[in-house]
Amino acid sequence: MTVHTTTIAVRFCETDALGHVNNTNYFVYLEEARIRLFEQLGYSTDVHEWRFILASAKCDFVRQAYFGQTLEVETNVGNIGNKSFQLVHRILDAKTKALVALGEATVVYFNFETQKSEPIPDELRRHLEKYAGADISNQLK
Amino acid sequence: MTVHTTTIAVRFCETDALGHVNNTNYFVYLEEARIRLFEQLGYSTDVHEWRFILASAKCDFVRQAYFGQTLEVETNVGNIGNKSFQLVHRILDAKTKALVALGEATVVYFNFETQKSEPIPDELRRHLEKYAGADISNQLK
Amino acid sequence: MTVHTTTIAVRFCETDALGHVNNTNYFVYLEEARIRLFEQLGYSTDVHEWRFILASAKCDFVRQAYFGQTLEVETNVGNIGNKSFQLVHRILDAKTKALVALGEATVVYFNFETQKSEPIPDELRRHLEKYAGADISNQLK
Amino acid sequence: MTVHTTTIAVRFCETDALGHVNNTNYFVYLEEARIRLFEQLGYSTDVHEWRFILASAKCDFVRQAYFGQTLEVETNVGNIGNKSFQLVHRILDAKTKALVALGEATVVYFNFETQKSEPIPDELRRHLEKYAGADISNQLK
């Protein structure tokens, strides 16, 4: 099982007045992890060739995160359907490997010109399968 | 059934290079709706008296949103447990009332001094019950 | 002298761990004020017809701002050149009218198709002149 | 002359509907550079020991930046006063070294407990002097 890992250094402006990282920024970290995975799979960062649209995003917050902390987002691919696939993320403290959050995303293979979803090409499917994770239903309730 | 409504004017910096509102900003809108509801319930905006921490947030993206659009976030309270409760949100286009997104949050009643969750006080429970929605399991898969 | 006013309710996620509004968000407020002024002048919010690009932005932070506060951004037009013009902003507390920050922006009239600046049309110049402020050099050092 | 350098990978959510990096995010990059410099100088990232408050920030936008680009923020110290000092930043494309933006900040040595500015300690002054740049007035108009 191959895991894709993205390292994130928490920025000061990502904290809020409660002293911890504001919940909305976990979704920034998850987007960063998702897009780095797409790059790894050979997808262009040119928006004119963009092929993915987000159908759903979820984050379970397990531990508060703080400024000064380095995080690792580990990403695996879950279920791969006809036109969409699931990503599952674990946000860890980079030093202690303590679990900070669990994330989940449903990504649709999308044609921005026609504004319609399309079947996942075989090549993408094969690439995604390399990152197939364990049974996700056990991880996220 | 009382619904809490927050109006959001999409800001230009909330869009991304795909021309639509970036997914991470829907969670900004949901936080705004959540906190305006807490204010309505009589909770202070003073962080030293802050009583809520987010355990989970989810958003299903139904339609793309754009700059120039005004959105309405309708919020209801779902299941109320011993120490936590659920919020369910519908993000609508303010003019057409078309559904833009569905949101869901699990909020824990939390003491930031002791850093521990606490049972929901009766008064808060009564306030939350006023916003109790229809069966949420029918709305969100 | 006509002043353009935009009202901003500080969002929780705009604060940082120092308990106040993070400096980067003042520039979000200034962009919001700038774009609302452009709308007022009759400019489309459609990005395909977008005509303005920012050459410079500045903010002097006078008082800390906090969650729960409502701010007013007052905007006037400063010097109008051949292809660019200046905006000057005062961010005030909406209740007390205490000065929170002073902002300044240089905006270039820009053609995004050719990616070149163009002379300011007479009609825009006349519109901008309605918002001409007092001598800005006295306000900002 | 020692220059402090911070590397920034542009995130997708930092772009806007014009296809480029939104102006407000340059100030996020400048804050990141500023705080990494403070860390380098031995200052704690613990907000309870935080000693710096921003009095002013400015950015001149020279070239548009895009998703997929890596940026370098080079920082030098300008004038060091009794209770405040200036930082001057150059944002460059990491590959081509093309100038993307010029930044400037005035930072006040600040006691958050008393909420008052304080004279810059000799040790900090000596540290800052190591990053003293060339005459800044030549760089920024």
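Going in written order, the chains are labelled A, B, C and D, and every chain counts its residues from 1.
The working rule: contacts are C-beta pairs under 8 Å (C-beta built on N, C-alpha and C of every residue); 3 or more make two chains touch, one makes a residue touch a chain.
Please read these numbers as outputs of a predicted model, since none were measured by experiment.
Think of each touching pair as a link: the shortest run of links from chain A to chain C has 1 of them. Chains making contact with chain B as well as with chain C: A, D. Taking shared numbers over all numbers used, the chain A to chain B interface scores over half, which places it in the same class.
Chain centres here are Cα means. That of chain A falls 30 Å from that of chain D. With each centre defined as the average position of its C-alpha atoms, the distance from chain C to chain D rounds to 22 Å. For this pair, chain B with chain D, the centres built from the Cα atoms lie 35 Å apart. In chain B, the positions touching at least two other chains are 12-13, 15, 17, 19, 22-25, 28, 31, 47, 67.
Chain D makes touch with chain B in their complex at residues 12-13, 15-17, 19-20, 22-25, 66-67. Residues 11-13, 15, 19, 28, 31-32, 35, 45-47, 67-68 of chain C touch chain B in their complex. Chain B contributes residues 17-18, 22-25, 27-28, 31, 47, 50, 53-61, 112 to its touches with chain A in the complex.
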